[in-house]
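Structures given as structure tokens follow.
In what follows, subunit A forms one complex with subunit B and a second complex with subunit C.
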Partner chain A sequence: MAETARAPRARTETSEQQLRRRRRAWSYLVLVGLSVFFLFPLVFMFVSSLKPDGQLLSDIGGWRAFLPVGDISLHNYGAVFDRVPVGRFLLNSLFVTVAIVGLGLVVNSMAGFALSRMRWRGRGLVTSVVIATLIVPFETIAVPLVYWVAHLPILFLQDGTLVWDTGWLDGYQVQIVPFVANAFSIFLFSQYFSTIPTSLDEAARIDGAGWFTIYRRIVVPLSGPAFATVAILTFLPAWNQYLWPTMVVQDEKLRPVMVGMQYFFQDNPAWGEVMAYTSMITLPVLVVFLAFQRSFVSSVAASGVKG
Partner chain B sequence: MVAAASLLGTVALTGCAKASHDGASADGGGPTKITMWTHSAGNPGELAVYRRIIDDFNASQGEYQIVQQNFPQGSYNDAVTAAAAARKLPCLIDMDGPVMPNWAWAGYLQPLDLPASLTDSLLPTAVGTYRGKVYSAGYWDAALSLFARRSVLEKNGIRIPTVEQPWTLAEFDAAVGKLKDSGYKTPLDLGAADKGEWWSYAYSPMLQSAGGDEIDRSGMRTAQGALNGPAAVAFFSWFQKAFKEGWANSDGPVGNQNFVDDKVALSYTGVWNAKDALDKVGSDLLILPPVDFGKGPRIGGGSWQWGISAGCGKAQSEGARKYLEFSFQDKYLTAFSDSQVVIPATAGATAASKYFGPDGALRQFAVLSQKFALARPATPGYPVVSTSFEKAAKDIMNGADVKPALDAAVQAIDSDIKSNNGYGN
Partner chain C sequence: MTATFRLDPPADPGPGPDEPRPGPAAAGARPATRPRSARPRSARRSEARAGLAMASPAILLLLAFLIVPVLLGFVLSFTNARLVSPEPLRFVGLDNFVRAFTVDPTFFRSMVNTFAFAAVVVPVQAGFGLFLALLVNQRIRGVTAFRVIFFIPVVTSIVVVSILWKFMYQPSGVINSFIDSVTLGAWQGTAWLNDPSTALFAIIVLSVWQAVGFHMLIWLSGLQTIPEELYEAARMDGAGAWRQFKDVTWPCLRPTRIFVLITITIAALGLFVQIDVMTQGGPVDSTSTLVYHAVLTGYRQQQIGYGSALSLVFFVIVLVIALVQRHLTRDKD
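Moving on, here comes the complex of A and B:
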């Protein structure tokens, strides 16, 4: 009797397992399909970078566009170096991006700390003003900002002598400084810091800690996800900067990678070279993403923010 | 603390890099430096010719030194506009012909004041005139034509048009119909996959050939009647029909690849695609005059030209003029022409050109340019004219009612002129 009672349950478990396996197989199938779908642009880009323009355009209407077939070579990559100082542009972008992210983490976290944990008159007003600036698109202030930075004072070294001049155009500083303070980053830090119990501050103050010690020793170590999120969200727009450097950088030696993209759009775009160039400049971003994939996903999940 | 950190970061950065920005100022010692901006970054052929001219000029005298800075074409106008806003324009700037009136009106440019003997020797469309004064001059011009294969036209019994006897609209319609029947799914590539100023450059000459225009050129104060009159409505009705009947489409790709691949029989494209087409199609290639829509064939004229900024100092302006005079030598114009495959602006340079000389394979373009080229309207409102024209033409291509679409464009153009007090006209 017991055996007959167990047998149907075993059969049921088996069919449940089968059902689960089938569901899993379907979900994997859907996920693989979605992955392939999202990989298409990247595959197209890499594959097209290996083809001459004529073949690239002829292949575009079918599956051959995604396959490394036909007249395949690295010629476009060589041609990119003939047309654009790609190494220099990459270094410029790297320097500017790292500076914006690094300085941004320090400045914005300190601002967020001051707004969320310190009590001072006008704090609410300042917070409101910072948040209000989020609704102003950069494009609307770009031209006045150019005028403004063109008349800022600057101290720089020339032939071993310190020279005082005006005008920030044509330098690294003009690509970095306007983007260090970021209202969205300040808001994120401020929100995250406010979730850390203030009793920790009080305990530290009893032990004689000042505000900077509390910031450095208590708040920063407890805010890893917030720092990761801000770093990632700041990295991509900094790397992709186009309009601002177009307006303020005149010397080719100081241009970032995105401005370099325009070098290929003459009367007839050199599409193969465009694809080779985009492959080269996408690679660092892909490497960063793959290296920090886990942090990226967890920080986005933890902060509830996506770019 | 926050302010201190910001200040520290700022101070640290301001010292990190400052490119040598001499602008156009004399430095007291050596030669007076004159900065020159080109739109040619990424174009090694053009840059090599500029390098040659600059080296020759700098070596030819000791008073001035030209310093070249190159920008990519796609972002060049933004860079100039930003520099003008910051009052940091260099002395010498190049500009696309139709943009010149806007920049002259906005105070970016000063009159060119080159000797009349020089400007008179150039193709009329290579000289930019605004309110009676010459503000820009170019080394070359471009031209559009219809590319075809002789074998295809002959096989289908289609007359090969000449400059003296171009296709009439009725002939053209019949020819395109025959080519479609012969097996070309889309026989005509009008370049409708392209965008931006191309639309005005490519299709406004057709409108002018039909008797309309983008604006009433007599006073440049309204587009009423020119862009939405009976001639314009008739032309755009034809334009819409060309897409509706499947004679043309907007699928692309941009360029001339569909013609090279023999996917289309006729390609309305520019001289910049001629060399490649010649290499691929060989002696079978025909460079045909544009269609006569009723008032004689027309093509757009006016390409990249040189000007001197209004903020350029007196000494630098003098040097900039000397440089420009020096640069307009036939040998340099021929070098540009043979390197870039563009039509030289002087008769002497044209005669010496490999492609456009008397026996040159692309000679026809020089003839088309001399006979049919018409500059785009020389008004500061041209950017709005161009974008309004493009929007209307695209709407019509996609099936919008012709007259209301043109009326909307006229309204946009006239509103812009009105809000700018007639641009001084």
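Moving on, here comes the complex of A and C:
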């Protein structure tokens, strides 16, 4: 009786396995096809950056467009360095990005700490204002912000004396300061900090620790993931800044990489050089991403709680 | 198996600072529970002072570079402000808005283009992102590598992406030669970006290509909060793959769905870089957008007042969408 009952079931199991295997094969086929779709433009970019313009254009008609074959060299990269101060652009972007991310981590985490773990008058108001500003896209304030920073006072040293002037256009601070405080970073920090038990604060208070010490010695060391998330989520837009610096930076020496690319926006550029330039400014980000992809993925997932 | 499922808070919050119940009102809404009465007034006062002090750098910066510009934009919308101007600042009432809606055909065209772009990009990108998320949510070998690959365009700057695709869209470019070889020469290429009837479509394709990986990950994190037991229960009831998706996955993704739709909509309405790099609004205004037009007039033509007015129109649209979102999220509770 048991024997006869088992036979048909065994057969259905194998057909189910077959079905599953076939479905998996289809999945892989689709996944590989989509990978080609997502990767081919970047492969094309890197490969093209290695070719002289003549070959680049003649290769386009076929598979050779995606293969590093023929007259391969780094010549285009050298030509880019001759044409534009790309080293300077990279340093500018690096400096601006590090400043925005670094200062942002300090300023926003302190605010997140004060909003999530301390009692003070106005906390409720500040919290609701921070949340309200979450929905203001930068594009809506870009034009008035230009007008505003053009009228801001600035102090600087000239020949050993302090000079008072107005106008923030052209400089590093105009690229950095407006982006340090970030409502979304504050929000993420205060969310994370509120998961740390407040009994730790109490114990430290009894031992006579000040609030800044509690922040510095207890909460910050326990919040590595929150700092990583905020760093990753602020690093990309800072490196990729385009709209704002095109409006406020005229001086070539102060331009970031994305604006430096404008040299190549003319109608018939030397495409090999363009591809070399774009490869150069994309590679650092790609390397950082691949090295930290696990943190990138969890950071983006964390940003989904915003809604 | 109807839509009565609720998102149970995940037992393990995972590596990120996950808040089990999404919702903006959650920040700081959890009051620190401390025995208040046991503490002297001086301690409370020092806490109040320290709290304000620690929050003040962020408060001042947000005030100076977000709140003031918003209010300033509102005020400037009703003026003739220019970036550098010999004329004094003067209030002109609704002139800027009248000009936008009556005598500026490019503004009207930009509105139409912006909404057309959003109307295509929002459903396509959301749907495609969900499809990708379902694909990479399977328990099969190497799936993490595919997640990374699909996300690579997201970390590539949109400026780079725009110029790269501009190259590929050339009349004798990669896209045309691909179409040519697939159709065996039956369909000759077109100058995608120089033709008013194809330019916006061409920009839609690369915009989705660049951004869809981001929303794949958002969908994926939503999918991973759905408890496996629900699927087991559905299978016990004899539900196939489609029924499981329709009765379990889809209702459980409600909060994620709202978030994805709203973020894509706001990003799509803010379309600027692709236009600036690839077409400058042309040919014949067929790709001009609200933000592009606002920056063009407000900054490049230095008419700050007019540009602020256009930005305000954009802001109001975004605000309405955000309010609709809040309304939809509130329905849930």
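By definition in this document, the second predicted complex is superposed on the first by the 240 of 307 C-alpha atoms of A that agree within 3 Å, B and C clash if a C-alpha of one lies under 4 Å from a C-alpha of the other, contacts with A are read in each partner's own complex, and residues count from 1 in each chain.
One rule holds for everything that comes next: a contact is a pair of C-beta atoms (placed from the backbone, for glycine too) under 8 Å apart; a residue touches a chain by one contact, two chains touch by 3 or more.
Not measured: the values here are computed from a predicted model.
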{"item": "Partner chain(s) touched by A:Gly272 [first = subunit B, second = subunit C, both, neither]", "value": "neither"}
{"item": "A:Tyr172 touches, of subunit B and subunit C: first, second, both or neither?", "value": "first"}
{"item": "Residue contacts on subunit A - larger count, subunit B or subunit C", "value": "C"}
{"item": "First, second, both or neither for A:Val143, with subunit B first and subunit C second", "value": "both"}
{"item": "First (subunit B), second (subunit C), both or neither touched by A:Phe212", "value": "both"}
{"item": "First, second, both or neither for A:Val107, with subunit B first and subunit C second", "value": "both"}
{"item": "Partner chain in contact with A:Pro256 - subunit B first, subunit C second, else both or neither", "value": "neither"}
{"item": "Set of subunit A residues, in rising order, touched by both subunit B and subunit C", "value": "57, 60, 107, 110-111, 114, 142-143, 146-147, 150, 177, 180-181, 211-212, 242-243, 246-247, 264-265"}
{"item": "Contact set on subunit B toward subunit A in their complex", "value": "1-2, 5-6, 9-11, 13-21, 37, 41-44, 69-75, 78-79, 81-83, 85-88, 253-257, 260-261, 270, 272-273"}
{"item": "Residues of subunit A touching subunit B in the complex", "value": "53-54, 57-58, 60, 82-84, 99, 103, 106-107, 110-111, 114, 142-143, 146-147, 149-151, 154-158, 165, 167-173, 176-177, 180-181, 211-212, 242-243, 246-248, 250-254, 259-260, 262-269"}
{"item": "Subunit C residues touching subunit A - in the complex, by the definition given at the top", "value": "13-19, 22-30, 32-34, 43-44, 46-52, 54-55, 57-59, 61-62, 65-70, 72-73, 76, 81, 83, 132, 135-136, 138, 140, 143, 146-153, 155-161, 163-165, 167-168, 172-174, 177, 181, 209, 213-214, 217-218, 220-222, 255-256, 258-259, 262-263, 266, 270, 272-273, 276-277, 291, 294-295, 298-299, 304, 307-308, 310-312, 314-315, 318-319, 322, 325, 329"}
{"item": "Interface residues, subunit A side, partner subunit C - complex", "value": "24, 27-28, 30-31, 34-35, 37-39, 41-42, 44-45, 48, 57, 60-62, 65, 107-108, 110-111, 113-124, 126-127, 129-131, 133-137, 139-148, 150, 177-181, 183, 186-188, 190-192, 194-195, 198, 201-202, 205, 210-212, 215, 225-226, 229, 236, 239-240, 242-243, 246-247, 258, 261, 264-265, 271, 274-275, 278, 281-282, 285-286, 289-290, 293, 296-307"}
